[in-house]
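Look at the two complexes coming up: chain A is in both, with chain B in one and chain C in the other.
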Partner chain A sequence: MSLDEYSRREFKQVGTRPRRPDGVDKVTGRAMYGADASAPGMLVGRILRSPHAHARIKAIDTAAAEALAGVKAVITAADFGLPDDDFTRDVQDNCMARGKALYDGHAVAAVAAVDAATAKAALKLIRVDYETLPHVTDVDAAMAPGAPVVQEGRALENVPAGMSANVTSHCEFGHGDPAAGFARADRVIERHFTTAATHQGYIEPHACLASVSADGKADLWCCTQGHFFVRTLCSAILGMEASQLRVTASEIGGGFGGKTTVFIEPVALALSRKAGRPVKIVMSRDEVFRATGPTVSTSIEVKIGMTKDGRITAGEAHLRYSGGAFPCATVEMGGQAAFAAYDLDHVRTYGWNALTNRPKEAAYRAPGAPQAIYAVENVIDELCLDLGLDPLEVRLKNAATKGTKSSYGPTFPAIGLVATLEAAKAHPHYTAPLAEGQGRGLSCGFWFNFGGNSCVSLNVNTDGTVGVTEGNPDIGGSRASISLMAAEELGIPYERIRTIVADTASLGYNDVTDGSRVTFAVGLATIKAARAAIRLMCERAAKIWGIEADAVEWKDGAAVPAGPNAPADVARRDRRGLVRDRRPDRRPPRGQCRRRRRQLWRPSGRCRGRPRDRGDQDPALHDLSGCRQGGASRLCRGPDAGRRGAGHRLGAERGIYLWRRRAVAERGLSRLPHPGRLGPAEDRHGDPGNPQSRPSLRGARRR
Partner chain B sequence: MVRVRLWGSLRRAADGLEEVEVRAGSVKEMLDALAEAHPGLAPQIARGVSVSIDGVIYREAWFTPIPPGAEVVLMPYMTGG
Partner chain C sequence: MKSLQVSTTINGDAAEFLCAPDETLLDVLRNRLGLTGAKEGCGTGDCGACSVMLNGRLVCSCLVLGAEAEGAEIATIEGLAEGDVLHPLQQAFIDHAALQCGVCTPGILVAAKALLDRDPDPSDEALRYWLAGNLCRCTGYDKIIAAVQAAAAEMRGARDVA
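On to the complex of A and B.
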């Protein structure tokens, strides 16, 4: 996926700490989060949730709620269709229970009313006839024979026969012969670990505003990590074409993976469609914990063998994960990541996913990996203690490097674990004396990089500033990092760039903001867009100057003639379009050029004077800048100074003149651009904050 | 021809083979050829897979070319957070 081979490069922008573009709005309370959206005629949506961990829904009576004054719509699962594919159907069934409530807090009905009090009262009028069922919330208990079955018939073809009906998938990764590796070990330790279904605990509860119009077009504003994916899911669930649903992402108050799917958005859309008015749903904190996805709960056995000198001879892990009441494949990620930090000859991981009566799992920072790595790293630490080895040296001895066959299959390209460990080893904190009650720990981790689908639009504005449009909600400062990368490539100040997050109707598809992909993938797209813009501008500059495209290069935010193919006179042209004669005896006295030009030209563009050396055939300067009168051109300096149309006969200058004329015609510019700096960063022009810009700015105004 | 390495549990769906060889020039051609040559792999391919080509993981990159001699590893469909 890399844009090009890695090479050392001195960055001017990347690595600096600029002011974040979203910073002021967020610290002053101006930023618009999910719950801040509003629309005329907006209704309040509320959701009725199951009080049972597992119950069959025999009937739902909504008549009394619908009859309540102020209630505009009531929906249940009956108001949704039945998607064909399992994935979408599971998402929909998690948003609104169909047939069974699968966990405490599972949505069973929803209302839209004129205010919150009416909506709350309406929920109390909905009668749900439940048949409570036995439930199971522990993954090991769910895999045991005779466990309550959360959902029937959800096992994939890879599940061995005879397992509990709650087991939905099995996976296996690794290579070599672990048994042989354990036989060569001086010490083998096997331990069992469990981890809870921890919630991501983002500060901002889920919130959305949906508006479906009578012609079927819909708008949705929501806090999410991926509004394009929201569009995919919601349009599939609502039976809409994606083009008819525009999703706009709000600012986001944390997500950590938990906002990579939908919980209330399809419900709000269905309510709005039924009520014919906008509907807003804001979850309470209680609802967030009861009905949105935490990470998986796990039960893990890890076995590792090690020699006395710290070489790991084999590793094996059995991972049992539960993603709640719906199938999930998170255990595959744990199985691949568990031992991936190490270069092992014999390694194997076995994974199972089992259903439990818990909320549907959502991603949580490298989903599935930290749990498995936590177990592995604990066993390695215990081995180090037992064998009297330095835990850092042991990890260095076993670290994966370039060329290591990873535990999940591929051979690693360059990988930075050794460098990281060496840096930790060299850090003073690693050897600093510990006071009583202090400890020092060390752990290696691993995660992948994937998800490259990204679309970025980069526009050079008429004043030379730049707008970047991206399609990933900014969950950690990505607008700043994207702006920095654009600035770095274009060679212009960070402040000249504004990056925004566009809605789904304004940009091509983007993958979700997940897996740490955005800075990398969207950054690559931004760099490509910037380079494309540079290429186009250089090509245009070449045409303006009448030289070959390869004789133009981009330097410090501007196109400049360069290289062996650049004509000498073009190479000597300054940013004002002046062709300077560098011969010492022909060079104007130092400091006189600008003063002379100011004497010569007035804002009207009319020539008010002649240089004293007029007619002396000295080609020291041919100035076309700002020189226009009656649609023709005049030279203000040089042998043809002041003559109408003289610019047409000056070879290399002609191209500049024609371009500038065209620019005026096409862009409606009030003044001609400077051909010597044809980039977006006329950073010495018009930037009051840049001291270097002031003389040029004043000069331009005088013209 | 492309040699494709399968992850452990997928090998049972390919007659126990750790590596299979198919004729393909792109990711989509490879997946189509795998599903045709080894029908047992078809359900997993339909659900979604990722592909590592010389250590770089691709997801939904059907038209990514596979260079001759590249190391190709089939992986589960990757999701993040």
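On to the complex of A and C.
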């Protein structure tokens, strides 16, 4: 299936605005978020956090807390193993400090107790012996010689020798010779910008409920953007097999990237394992701000040269990012995105990441890009102002387009920046008069998109409705989008599809809901699944009808014989997609009443096929047996199709099911015959005289 | 700490519970009574996700003690719909896509109803001012305001007819 070829298509469902499937639950308070689950025997988990921005943990004495009545488990870093890959170890160390507290709010111990008051009291009884250390929270200060070292030995080989030990990585992107470009400019502006480590600020604090049983099987309920990734991280940290940890994603109360990792989940699992009871941890807002990932903090210099007529001659940026107390590659995104919107001959970005005593960065809406783009766009605006140029025209003049060698390397295929700018220019908002106190501006941005791993299961139910199972938490209405795409492909109404987000044990691996990938990638998987289901249903219908598979086509939610290979006598359909049977022997003799002639077109087919003299009582079954290639839409209809007129909608499964049920009832079969095991067409039609040689119910009834 | 026994009426039904003297009404509703529709977004009276009605007044239940509810009439999001018939506000929120993640929605609905009960025809400004204590991170407030105004119009229409 080639999904990347664009062809204009008239959509029936995509583009409509149906009601979202999670709407009613969310307006009635029924929707279950992270903190809304509970379990029998559940304990309350609480986390003790460092009051110091940087401190060596010399000892932790938990004895008094453990001795408090109602306390069922106390854990510290000593209760976790030591993962050998850096990435997992950093995630674990961020969840529970090992050796040093690296920021104010860093978890150092946790308790599980019978209630919140006991848990709170137990935290007060834990004695942590800290040796406070000098700290650094500003990225430029962290890169200066002599800065307090947050973590030793974390620099990659690409960091030039002699830099502060806090610098963990360096990157460089670009092409051409910026110095030569600046020399050709009429005006060069260089500015310095800083941005703070702002928090994603979702309204729902992190929450989870973990339950580890004595045989090592575990269940975890949590609000996350990616429960499969939660499983990967938690099983690695807890030293368990992924198959033994089932993670269920709750409804999610906002994430904006910040719920793409774990903070409390491994802690709750470790507490539950130790206590032998379910443990629920709900962060307070204070904990969210102190100990979950904000975006990077940055310090950025941008230098841009421009000619009088608005052509950018060169651009250069120095990006210094900090992702908090752990190494972080986000600056590479900033380095790639900074100038990517423009077609430049001379461009260079240099990036550094430095450790600071701040919480570990988590993704936040195009991580690292807005900061760099903000700096670049500001300088471009200032150049426009200086040179008296229109900011939109300048951007049009420099816009990257198909064939542009991007500032980060690849050559762009067809992209839409020029068209977007033209549309903005043509929009009335761009020229509408401004009231006092109003302003207007524009900027260009850039972000990557990717597909990632997606798994979708699509099932046709016995009543012809459809269940779609996907594995990506719905953060912005994706269940509605996925349902729409399935409805579009299958040709059935949106309302007849229910899309759910399944737990990690119920579906193949899915990457996190991030990078704007879900509607796109899960949508593609859904389309593939729908097309596969259609193919299967058509194949089954072909077998039952005894015609070639390629003579069956899916149309408006039903399998119908069609195409050049369809038997000519059933290939004509009326406007409802129903087959008109034109075989001469099926036509009522001329002169017969018009009503009877009309009945030829009726979906119930009551008069269709052989009349009563063949002893046929059930027209819905008649075509199955009596017509070699007949019964075009018959199997796709329930027995009440004629009455409701809708039975020819998606229902091959249902039709087959009904047929099999009747077979049992009327042929006295002990088991349902399997439609796929009807045998080759010759068997069924080879000896019309022998009722046993056909999937014929007529023969059976005659007996 | 010794637990206190509290008798209240919640969404029209008598409800009794035990709670610690320092336990918030929000914790009682969520953890003791299973009414998890009200959410805790902050616990400090800043976000409005925990909004409920207490004796006809809109309160942040994270700032009310469970013990203070003795003898009180409480209304929560769980009581807004009548059976399976959604309140016009609830329907309008769905129709106008006035929710995204939905975690702020119960609080906003309770708060909006409190306003419409007092003023069936609020100006946008009055509405925005009233809902200023309810933070939404996802949706954008315009759709929320549009939804409340649509519901208000519908409710006024219904009232005129009645």
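In this text, the second predicted complex is superposed on the first by the 568 of 703 C-alpha atoms of A that agree within 3 Å, B and C clash if a C-alpha of one lies under 4 Å from a C-alpha of the other, contacts with A are read in each partner's own complex, and residues count from 1 in each chain.
To be clear about the criterion, a residue touches a chain if its C-beta (ideal position, glycine included) is under 8 Å from a C-beta of that chain, and two chains touch if they have at least 3 such contacts.
These numbers were taken from a predicted model, which means no experiment stands behind them.
J.: When the two structures are overlaid on chain A, which partner does A:171 contact: first (chain B), second (chain C), both, or neither?
T.: Touch status of A:171: first partner only.
J.: Touch test for A:201: chain B only (first), chain C only (second), both, or neither?
T.: After superposing on A, A:201 lies in contact with chain C but is clear of chain B.
J.: When the two structures are overlaid on chain A, which partner does A:411 contact: first (chain B), second (chain C), both, or neither?
T.: The answer is first: A:411 touches chain B but not chain C.
J.: What is the contact status of A:26 with respect to chain B (first) and chain C (second): first, second, both, or neither?
T.: A:26: touches chain C, not chain B.
J.: Looking at the overlay, what does A:284 touch: chain B (first), chain C (second), both, or neither?
T.: A:284 sits against chain C, while chain B stays out of touch.
J.: For A:256, select first, second, both or neither according to whether it touches chain B, chain C, the two together, or no partner.
T.: After superposition on chain A, A:256 lies in contact with both partners, chain B and chain C.
J.: Counting residues of chain A touched by each partner, does chain B or chain C come out ahead?
T.: Touching more residues of chain A than the other partner does is B.
J.: So which positions on chain A get touched by both chain B and chain C?
T.: Of chain A, residues 256 contact chain B in one complex and chain C in the other.
J.: Could you please specify the touching residues of chain B with respect to chain A in the complex?
T.: It is residues 5, 7-10, 12-13, 40, 43-44, 50, 52, 54-61, 71, 73-81 of chain B that touch chain A.
J.: Which of the residues in chain A come into contact with chain C in the complex?
T.: Those in contact with chain C are residues 17, 19-20, 22-24, 26-33, 35-36, 38, 116-117, 201-205, 251-254, 256, 282, 284-285, 475-477.
J.: Hey, which residues of chain C end up touching chain A in the complex?
T.: 1, 20, 22, 27, 30-31, 35-44, 46-47, 49, 76-78, 80-81, 86, 89-91, 93-95, 97, 99-106, 109, 135-138
J.: Which residues of chain A touch chain B in their complex?
T.: 1-2, 156-158, 170-174, 256-258, 260, 329-330, 332-333, 336, 348, 362-367, 408-413, 447-453, 512, 514-517
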